[in-house]
Every structure is written in C-alpha cells, then in structure tokens.
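Here subunit A shows up in two complexes: once beside subunit B, once beside subunit C.
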Partner chain A sequence: MNQTETAIEFKGVSKTFGNFYANRKLDFSIRKGSIHGLIGENGAGKSTAMKVLFGVQPADEGEILVNGKAVKIRNPVHAMKLGIGMVHQHFMLADSETVLDNIMLGHEPSTFFGLLKRGKAREELEKICKNYGLKFTKWESRIRDLSVGEQQRVEIIKLLYQKSEVLILDEPTAVLTPQEVKELFENLRKLKQEGKTIVLISHKLKEVLEFTDSVTVMRRGEVVGTKTTSETNEDELAEMMVGRKVSFTYQGPRRILSSQAVQPKSVLKFISERVSVELRPGEILGVAGVQGNGQTEFLKALSNPSVYGEKYFKGKYDYLVNGREIGDATPLQLRNMGVGLVPEDRLSEALLKQQDMTENFLLGQHEDPRYTGLGLFGRMINRNKVKAAVEKNIQAFDIRPPFSTVWTGRMSGGNQQKLVMARLLDPQPSILLVAHPTRGVDVGAIEKIHEAIMMERNLGKSVILFSSELDELIDLCDRMVVFFDGRVHGEFARKEFDPWAIGKVMGGA
Partner chain B sequence: MNRMMKASLKSIAGVLLGLTLALIVCHFAGESPWKVLKVLFQSSFGSGYDFGMTLFYAAPLFLTGLAVSIPIRAGLFNVGGEGQLLIGALAAAYAGVVGKNIASPVAAVLFATAFAFVAGGIWGLIPGILKAKRGSHEVITTIMMNFIAAGLSSYVTLYLIKDPESSQAETMLLPEAFHLKPFEKFAGAPMGWLIFVLIALVFVIHYWMWNSVRGYELKAVGENEKAAETYGISKQSAWMFAMFMAGGMAGLVGVVEVLGNAHRFKLGFSADYGFVGIAVALLARGNILGIIPSALLFGILQKGSASLDLETDKVTRDLSYIIQGLIILGVVAEGLFEWRKKAKNA
Partner chain C sequence: MLDSFILPVCRVSAPLILAALGGMWCERSGVIQIGLEGFMLVGSFFGAVYALNTSNPYIGLLMAGVAGMVLSSLYGMVVLRYRANQIVSGTAINLFAMGIPPFFSKIWFDSTGSTPPIPTAAQFQIAPLWITLALVALSAWAYHSSRFGLRLRFAGEHPDALQSAGVSISWKRWQGILISGFLAGLAGGTLSTYLSSSFIRNMSAGRGFIALAAVILGKWKPIPTVLACLLFGVTEIAQIRLQGVVLWGAEPVPVQWIQILPYLITIIVLAGAVGRSESPKALGNS
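Right after this comes the complex of A and B.
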C-alpha cells in the first residue's frame, strides 16, 4: 500500500466506557480512492470507531491521521471541515422540507442581507450530479415523498455538496431492495473513480465481498485483521468475525411437506381488501418487503386485532384461526388459542429492560394457570414456578449470563432474543408469528434461533416469519409473500425463490 | 436485595448530605449545630407525648407516600394527594353525619373508613379516567383536582355540615362511636393502634404489588407501555386502577385526622401532607417498604420544627422546611448524578 496515499489511518485508537473497551488499540488504514469495508458483529465496535472518526465521541488513546496528518477531531462539524462525512443508518433529514433546503442546511449560500440564494445552490448541485454521474432531479420535492433509496441519495449528494472526501456509510443497504442496492453501489463506484474514499460499515459479508476493495474485520472491540477483498472469501471473513467456523445457512433437517400440497387447508386466514394471507399447517410462510410497505400493520393486526384491526384495516377483514373467526381477539385470547408472538422491535415491544428474566418471562404469561393462582389478595404469581421454568429455559437455550436475576437490559441482543423465543415457545403454541428474529443478534445466536424455528416447523407447527433479510427468508421459508405499498404484491413457492425476482416485486414491479 | 441495599444507601447518603448542609446553615444563623440536633432528637423521642406526636405527623405521610408510590409503578406522577386527602377527610366527617345512629364502634370506624377510601379513590380515579380515555396529562389534572377539592371542602364545611355552635370553620363533632382511642402512654398525643394498622397496610401493599398479577400489570405498564400492550395488558385499566388506589390511600388520611384526632373536619388541617408525600416517595425511591423510614423521618422533622422554634434563639420553624428541602435536593441530586453517568455511557 505504499504506492498510494492513505486517507485515514487509525493508530492505537482506544475508547473505553468505564472499564469496558469499546475499541482497543485499533490499527488500520484506509486507502484514498477506495471502497473500504468495516465488518463485524453487532457490538464489535464498528460504530464506535466511526463515531470516534466523525468526532461524536473523542478517543481516549491513540491518534487518527487524516491525509497523513495527526488530528484531534473535536466534533462532527470539525470532521466535516476535514472532509469527513457520514450517512447514518437512520437518515438525518427534515421530512417536511424540500430536498434543496435539506441539502443547503448548514451551508446556505446567502446574500449580504442574509437572504438565501437557492438558485445558486441548485446550480451547484446539478453540476455535482453531472460530475459524479448521479441521477437526481427532484430538488423541490419534500423528503417524505421520496422513496428510501432516493432519500439515501440525497444524503450522499449532501455530503458531496459539503465537499466531503471521505464518505462513511453505516449499514446503507438495510432498507433497500436488491435493485436499489445495485444502483447504490454503481453510484459509489462512480464516486470512487472521481477520487472519493468510501467506508462501508456492514454486517453482510456478500455485499462487502462484492463491492469493496479492502476490508477490516472487527471483533470484541479489536481489529482482527485487514484483507484485500480479492484475496479473501466468505468463510474466512466469517471465521474472523465470529472467532470460529460458522455456517450462515440452515443446514439441519428439513421435513418434506408432502401432504399439504394435496390438501391445502389453512390454520390461519386473514382476508381483507388489500391483504389476504393464508397459513398452511406445518409451513413457514415468509413475509418479505422493504420496510414500511405494510408488514408492520399486518403483523399488528394479526397479533392484536382488538386494537389494530380497527386501526389499520377499519374493521373490514376476516381473521380465522383454526376455522374460528377471531376478528377482535385480545393478545391473551390469541395466546390461549395457541398463537404465539415475537414482536418486531425487541427492546420497545418485547422486553421490560429494568426487570430481570423472571419478570420478563411472565410478560404475556401473567394469567397462565401454571404460574399464577388465586390467593388472599386476588390473583397471585407463583414466583418459584416461574423461576424454575426460567432456569430450565436458560439451560435449553443457552442464555447468558445464566442467572434469572439479571436485568434483561444488560443482556446482549442475542441473549435477549433467546429469552423472547423461550417465552414464545413456553406455552407450546401451534401458530408462531415471528418478526425479525435475528435483527441485532450475533451470529452464534442466529444459528440457535433459526434452529429453534425450524424445529417447530418440523414438529408440524406453522410459522409466519417477517424479516427484512431476504437471505434469511429464502433460507428458511416454504413459501413467501411480498408486500408492496400496503398490499400483497406477489407470492413465491420455495422452488421459485430467486433474490432478483423477489427483489423486483419488492420494488413494486 | 443487593440492588435494594444500594438504593437505600443512596437515600441515606442523600439525607446525610441534606442534613449536613442544613446544619451548616444553622451554624451561619448563629446556632450550634450540635444543639439543633439534640433538640430535634429530644423533641421527637424525648417523651411518650413527643413520640406519639412524631407518629401522628408521620401517619398521614405513610398514606400520601403510598398515594405517590403506587401510580409511579404504573408510570404516573400523582400530584393530587392533597386534594384526595381533603375529599377523603370530608367523606369521613360526612360518614359521621350519615351514620350517626351506628352504635358499634367497630362498625362506625369501618363505615367511615370505607367512605374515606372510596371518596378519595374516586377523586383519584377522575384524573385516571381522563388520562386513560383522553390522554390528559395526570400532573395537570391532579393539580386542578386539588383546587377543586379545596373549594369543595370549604363549601361543604361552611354551608352544608358546619357545626352551628362553633365559631371556626369546622364540621359537626362526630358521635362517640367514631372516635379512635389514643394510647395512654402517649399522654395526649392522638395516636393509637392505628399506627400499627398503617404499618401493616404498607407491608400488605408491598406484598401485593410484588406478588399479585395486578401489581405485575402496573409494573409492566409503568416500565414499557408498548410491550405491555403487545402482550395483552391494558394500560388504560392499569392507570385507572393505580389512580383509584392512590386516591383511596390519600383519602384514608381522613381516618387519621377525623376519626383519630379532631373528630370533625377542620378546614386547613393538612400540613401539606399530600405534597410532603411526594418527597416521602422520592426518598423511598419507589420502594414501598422504604416509605416507612422515609415517612418517619419527615414526621421527626415536622415535630422537631415546632420545638426548634421554641428552644433555640436563632432557628425558627422555617429551618425545618429548609432541612426538608435540602434533603430532597440531596436525594434528587444524587439521582441526577446517576442519570448523567448513564447518559455518558449510552
């Protein structure tokens, strides 16, 4: 790497929180004019490293060299002055303002009297787009009217307008369809040709392998190594990330579903004007789609029709479980009918963070006669029984730390999710509504969770699996429906699974 | 247990910090801090009468402390203890008017207690319903309910059940059966078996909160509304229930005051018990059992303040309010420190 210049170099950078090292002596460099991947599991320290670089959090030790010069980056404004820009995972745009105003924000060209020169800004932007070969014309549209992919492009153009030389993108593909991903990377390649440096934070090995020039792997706050992308492969990177050999696809047994093809009766049926879905016995039905295309509303209506049936489907729908109409059932009634739920957002919907595992295990099971009974002061909880059940599940699911008294807010995402899965399966439901079971979960726990879901299927239970990871759906599902614009836009049987074709439907084709 | 120990250590540290600051203030006011401490101690525990009075001041705080702590579990901040206790006391006095023919003391006391509990409960339930059905913020509505309660209690006292023979703003004297007997050892301080009942009540509420399904639901709603809803716990019903219980608890102050002390409703009897209850609950850090030492401490300060006024030259009754204020600051400031640590780590 001597022949080319270095844009960014980390030299022994450490960042601690209390006595916990989020980053420990990071040493790596990013070549100017390259696309550099930064990968690692959740909590490996990727985001912290980039926050240090972007000036959000100062480093405790070590130094950062920008264009070969050591600098102490004080805050994001300082970072921007040094030519470092960042596209956050959640876009930092004002929804109700126009694209132009959003881009100008903070760098407004103005007259002597403080009036904005929008025309001048627009000219400049059009020039930038031409120079870098980016297609964009909707300068006067409001952000909320743009697709997610377009919003992302606005963020990138904004960085170019601010004359950033180094562009950091934090998990940029999480919300895109395969087609949009391809377009994004085509654009990034053009930027690279014009001499920009791009840092790609990701946990998806495939895209890192496909689109980067070099890649740095992090694990537990440390840099495991930096590789030239063309000289490495998925298995090697995965092993570096996790610290042991892993398989990313489910490789356990998969019971053949023979009889249902002949008699496709359904265990769950939801029929409305826009969304009609049937779940057959013993299958995993995937629900795919770009975030925000009606999957959330569908799941809410399925899991709590008493509240969300009216709210999202105006009461005009039929919802049958095992042939019984249950259009306005409460979550507890659904549970008693054998429907179990893993909600979309673990932290905000599934857990009481400041309570221990026992209390969390009770959530939703707080009226289960196995754990509660009538006592002197009304219905009382039998904590000994709950505790015994929790301890059994800690063993079965290998939840760590293995103490029922630990606050769930202090557990890792993977262990939290294992607890949610354990709670789901405890009453032995026959229908499982599972949403994003592996979001923010480390690779080891992903294997365990996929295994658990597959095992339930192989036992003849039926599952609806919501996920934004197309690979996960393709791997596990027997059938898939794709949501677009609030309706079911396509359906695929397992033998027709093809990411490209599904992606097209996700994009509305 | 460990967590609870830590929390109580923090509260004790807060109290000591506040007390130290207060004594420094005394020192600069020209009074020996040592003497101030001695007077505080002696006037609270020095004789049977003193101790009885300390308990009498602490008793309403057990109840108003509960009235704040129970809704905190469900994520609500009840500032309406004062209004709820006024309505409860008024109802207790009214029970004496309605039930003047009840001869059995046990029946009479239970009758008045039920009146006080339900009336206070309804006064608490109203903001609860407004919150559940309309989303009105409970802090605003409970404050407003305090004003209404103050006006209502004046009106009822002065125009509906005023004692015609008294020149003061007070209701008619309750029949003998409604009077609670104080301990003779307390030499005139108006406190008897009731104090044990109240302590038992705190234990029962603690046990119930921790072990009942209803208590679990309150906790779940207080900690994560969305998760509670997702798993079939109605926040509306939890809120209404918590506010009814809270109002009921505050309403029981009517039993302490009307049945135990004045045997009638006297306008202005409450020494801001409803508001001091907030401080009691804060000092207890949401722990229900913590209300017992916390209410006792504030009882001591209340009792001691009168004596400080008489027995020292420079320090007045107001000092005890300064001490109370500084203690609350000590506790809360320590909480702020905790919060800052969290923010930094996030």
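Right after this comes the complex of A and C.
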C-alpha cells in the first residue's frame, strides 16, 4: 500500500451556526492506513468537523475529498456507502436485542421472502474477527448482558461488517478501564495493519500521544496544526490546544498532612453492608470506578439521605458527620452542618439555565443571614448583598462573561462550573462532596477548579471527590476508594497510586 | 368439553387475538396504539355492510380490515407526519370512530346505529378461527425470523440505530400503524360476521382496550400476547356460563356482577403480573 495516499482530506471546510463559526476553513488530511488523532477542548469544533464528514450536517463551504475524490456527503447512509463509519459516544445498540441482530441490522442476509439468514451472517462475522484478530464469541448474547468494553467491540465489528474503511471513534475511552483501553488500542492497531484508517477524537493527550501516528489540533473552530505524533510532546500539544502554556497536573503547594490526619477520628462516616467509607480531616478522598458501579447512588445517599438512604441502601446504614448520626437528614440540614455539594450533572442538578448568575448563586442560600434582612414582610432577600457577593466571586474565579445578569445557560461549561464551585465555597463548608468537577470543562477552567479544591484541602477542609478521570484522582487525592458492582472493591493510599493496579480493581479484579 | 368450552373460548378470543397482534406490531414500531377500539368498531360496521351487500363473508371481512386500515392511516398522518401526542390522538380517533357507524347506517339503512341481520349464507361458520391461527403463525415467524420484524423492532427499541443503518424510521412506523389498523379491522369484522349476525351499536364494547392490555401483559411478544388473549377469552366464557347460576344461597349472583369479571381480571392481571416492564424503549417518542 502506498503510504502517502490520503483517505480523507478537508479543504477549506467551514460550518456556521448563525454568525458563529463552528468550523472555519479546516484544512487537514488523514493518511490511509494510519491512526489519526483529532484533539481539542470541548467546543473546539472536533465534533462538528466529524458530523460534517459523517453527513449529519452539511458543510457551508469548502470540500471534502474521500480517496482523492471530492464528494458532497448528504447523510450518514451516504457516508457509510463511501466507507466512513462512526462509533458514537453513546452506542447505537439496542439493549434487549442480540449482538447478531444489532450488527446485521440494515445489511441482513435474507431470502427472497425476507427470512433472515442468521447463520450466514454469523459465519461472515466470525471470518471478519479472524481476519482482523478480534476476539469475540458472544453473538447470541443480548447487549445488556455485555460489559461496556464488549459493547464497544460490537460497534467496531459492526463497522467492519458494513465494510467501513475509515473508522471514526468519538471519545472511545471515556467509559473504559485502563485494561479495556489497552485492549481497544491493540485491536485498533490490528485494524490499522489490515489497512483501515482510524480517526480518534479525544481530549486525552496521553492516549493520543501513545497510540496515534499523527494528530490534528483544533481550537475555537480552527485547525491549529497537524503534527506527526512521534515528533511532538504533551506540552506542545497542550499549548496548541489552549493557546498558552498550561500544566495538566496540579503543581501548587500540597501541605503535608500533619498528625491530625493520623488521628483515627473521622469527619464523615458512612457504613453500610456494601459501602463503607470514612473521611478523615484534611484529606481528599477519591471515589473511582467505571460509570454505573454505584458511585452515583453513593453520592445521592450522602447528599440527601432523607430520600436516597432509603431508596438505595434500604435504610440500613449509619451516616455520621462530625460524630453526629444524621441518617435521615435533608439537604438543608446537611448544608447547615457544613456539608457542601457539587452535583454530578451540572445542567440538570446544579443550575437553572434560564436564570442569571445571581439567582443561581442564591440557590440554597436563600435563608442565609448574610443575604437576608428584615423587610416589610419579615425576613427578605437582600438583592444588593447577593449581587455584591456574586461580583466578588466573578472576580475571584475569573468567571466569564463577568456580568451577574447573564443567564447561566449561555455560559460555557467551564464558567458554569466555576460558578458552581463559587457557590459551594461561599458558605465555607468544612466537608465538600464534589462530583465530576471538570467534566466537559476547558483546560483553563480545570486548572482553576483544581486549585480551588486543593486550597480547601490545604486549609484543613475534607473533600470527597468523585471522578471518572483517573488521572485527576491520582493527581489530587490523598486516598482513593474504587467502586465495582455497587461495592467498595478496593482502597489505595496515595503512595500506592498506580493506574494499572487501580484499573484492575475498577474492572472487578 | 370441546364444544362447550374450548371452541367458545377460541371464538371469543379470535377478535382479541387479531386486534392484539395489530397492537403489538404497532407498539413494537414505537407508536402507542390506543385506537384499536376505534378500528374494531368501524371494522365491525363495514364488515357487516359488505357481507350484507355482497353476500360473501370473506369480502366483508376483507373490507373490515380495509376500513380499519383507512382509519389508522388518519392516525398515522396525525402522529407521524404532524407529531401529535399519541394518547390524545388515539383517544380522538376512538371518539371519531364512534360517530361513523350511526352516520352511515342512517344513510344506508335508515337506522340509528345498527345493520339489518346478515343472512346465514353470508355468515362465517369456522373460517375466522383458521384465519386467526394463520395470522398468529405469520406474526410469530415475522417477529422472530424475518428482516421485516427485525427492522420494525429496532424502530421501537433504538430508532437511531435503525436510521444509521440506512432504514427509514417513519416508514417502519407507518407499516406498524397500518398493520394494526388492518388487523384490528379484521377483529371487528369477526364480531359482526362471525360472533353475531349483524352490527349493533357500540359493538366493540372495550375489546380494543382489552386487546391492548393483552399486548402489555404479553410483554409485546407474539405468543405471550396470544396466550393473554386466551386468558381473557376464558374469563369471557366463564362470565357467560356463570350468569344465572346459583353459586351460594338461594339467589343467583346478579348478572351485572358476573359481567364485571373480564374487566376485573384485566385490571388485576395488569396490576399484579406485569413485573419488569419490557416495553419498547422508544415507545411514544416521535
């Protein structure tokens, strides 16, 4: 195979929404038979570019060349006919149907009368797996009985069955354990050896550096540059992505936990049959695990035991904060005891999108004496005080746009999250429950948020940090518990942090 | 036993089974179908009309199916093309259907909502049972082993996957709706040309809803759905047999109490036995 042949080439492709450029004059090409990374922060235009390529949204100008020929890709089916296939972040698989039926959908071998030839499809799939060295045998299993990693493999096999030559994978590692990630990339390398072209959309620089041949960096809808992976490094890519020098690991001060940490007393204790966790003063305790292994339920029980304690733990648990049993406390009672919360889902649980920053900042603090005063009808909210507080926090956290009257739904994910952090810290809680603080947040904001969390820790506050980014936990935490199958499956002290070992426990080992 | 119990159960179950199969196909494609009742009603009316006019019950039955299908196409237009709420539109279809037989019976027969009796020669003896059996077999086969069934199921389970495989979602849903209209129409046709000898006012009498309950009880799968219909058929026959029977004391149980039975069983069974919901994932979203 000619190594310089290109599979896909973008030539001046632009895509606008109103007068906002989601993609502006994209120029880059993807070599046939290579693994090509496409990186950039959230909102940099990676997804839009791939939607244009996959025919979901038409380009406004410019052209796309597939195998050297200019084509107008009308819709995903057309893209598939051209040999372009995509593994979406949310899998296109029906839970209650079998693997075989899911794969052959739309391309079923069948008789004249429409009878499915499942045996024939299966033979063909087994041949494909053999040719590409993929291991898979559970053709008759239902999708819901497979692990996430296996489901992803089904998606890849589906693309091969549809004879895709270019495979686009959108953030494929977000839901995988490190072991599954390794297996995925081993498989992708095999596909590459057989001449397939792979496009990897990612925001994780490490995996892009480790597994790709070349990488295109996007920022604010434009291509910043395309590099050969072996000739670049993390710092350079990060700088291209963000537009300035950034550090991905927290490099500020990290106060050594003093003797108080050795004290056996804990500030928060949650004991139940399956989950038992203790939080010591002044530490950041990480909660790791593949999504859907009980972390969500644990957080809900911690933050609102009056409802979720019964629902998820059947009322059989002990929950103590500062030595006080609070098994059926409401969120307000918790708040008054100094427990603060950053919920899992920013948009559905933390913010009112169609209200401004002041209203959002006030959520849960509407009875705080700092923001209320005696008025005509008793205790009333004092808007001026709230506004002053919001403006102070806009300064402190560098929230943009810096106007307290902006609807939070119009702000970027990073700025929304900064507002949520500001609100969390405003009543000066002593225990912080923080979930996915950097999910869908740009690198600049990540730094700010990590700094804020670390600062609280260094002030002696205690933090439980839930995250699906193992790197983030390793970077910040003093201790980590790993969830698997609704239980605490392992615990690691900071000096034992090793992604590989933790990954094994995440996978159930 | 055969003549006194099994055959009557099959007779009263046949319309339920036909309507329920229609409902199953429609809901499997992702569209809620509460209009079965209305399709059955127009089916039973037009079935009687054509059986009368042609003296051929087969033509009557066929036209019953066509009438149901025509009405279902109106439903399809409203929910697929104009994306109206499926529960509300289904209710509207049922109400609309209630007005159709009186309207035409006034014009054609100068009566307020019934047809003259169908002569014995133009009535069915046993054929609808065989037709039902054939359609059950065809449905079960198509559901599990045909390309059509696979694609239609995905329209209800994961429409995005179907679309990305290059198959039109709305075409599958149209098929589901039209099949439900045709089968429920047939079901209505058997009421007037097989189970009795004319169309009478409000002939479907809630059977469309019982059929829908059977679909839910059968977890949207063909054979369990048919079994659920047979269960309702058994209670229906039991209800008829128990009328006027002295169960305890000196007086028979009032007939109204006995007539509640099929409906009561429907409620109890639905409330108690459904267990884990297995409804199509995308049911009702369009």
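Keep in mind that, in the parts below, the second predicted complex is superposed on the first by the 495 of 509 C-alpha atoms of A that agree within 3 Å, B and C clash if a C-alpha of one lies under 4 Å from a C-alpha of the other, contacts with A are read in each partner's own complex, and residues count from 1 in each chain.
As a working rule, contacts are C-beta pairs under 8 Å (C-beta built on N, C-alpha and C of every residue); 3 or more make two chains touch, one makes a residue touch a chain.
On a predicted model such as this, the values are computed, not experimentally measured, just so you know.
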| Counting only touches as set out at the top, which of subunit B and subunit C does A:348 meet: first, second, both, neither? | first
| Which partner does A:359 reach: the first (subunit B), the second (subunit C), both, or neither? | first
| message | In the overlaid three-chain picture, which partner chain does A:337 touch, first (subunit B) or second (subunit C), both, or neither? | response | neither
| message | I'd like to know which partner A:71 touches here: subunit B for first, subunit C for second, both or neither. | response | neither
| query | Any idea whether subunit B or subunit C touches more of subunit A? | reply | B
| Which of the two partners, first being subunit B and second being subunit C, lies in contact with A:93: first, second, both, or neither? | second
| Across the two complexes, what residues of subunit A are contacted by subunit B and by subunit C? | none
| query | In the complex formed with subunit A, which residues of subunit B make contact? | reply | 204, 207-208, 211-214, 216-217, 219-220, 223-224, 226-233, 344-345
| task | Would you pull the subunit C residues touching subunit A in the complex into a rising list? | result | 142, 145-148, 150-151, 153-154, 157-158, 160-167, 278, 281
| field | subunit A - residues contacting subunit C, complex | value | 76-77, 80, 92-97, 101-102, 104-108, 110, 113-116
| note | The residues of subunit A that touch subunit B in their complex are 17-18, 303-304, 307, 330-332, 335, 341, 343, 348-355, 359, 362-364, 366-367, 372, 375, 377-381, 383
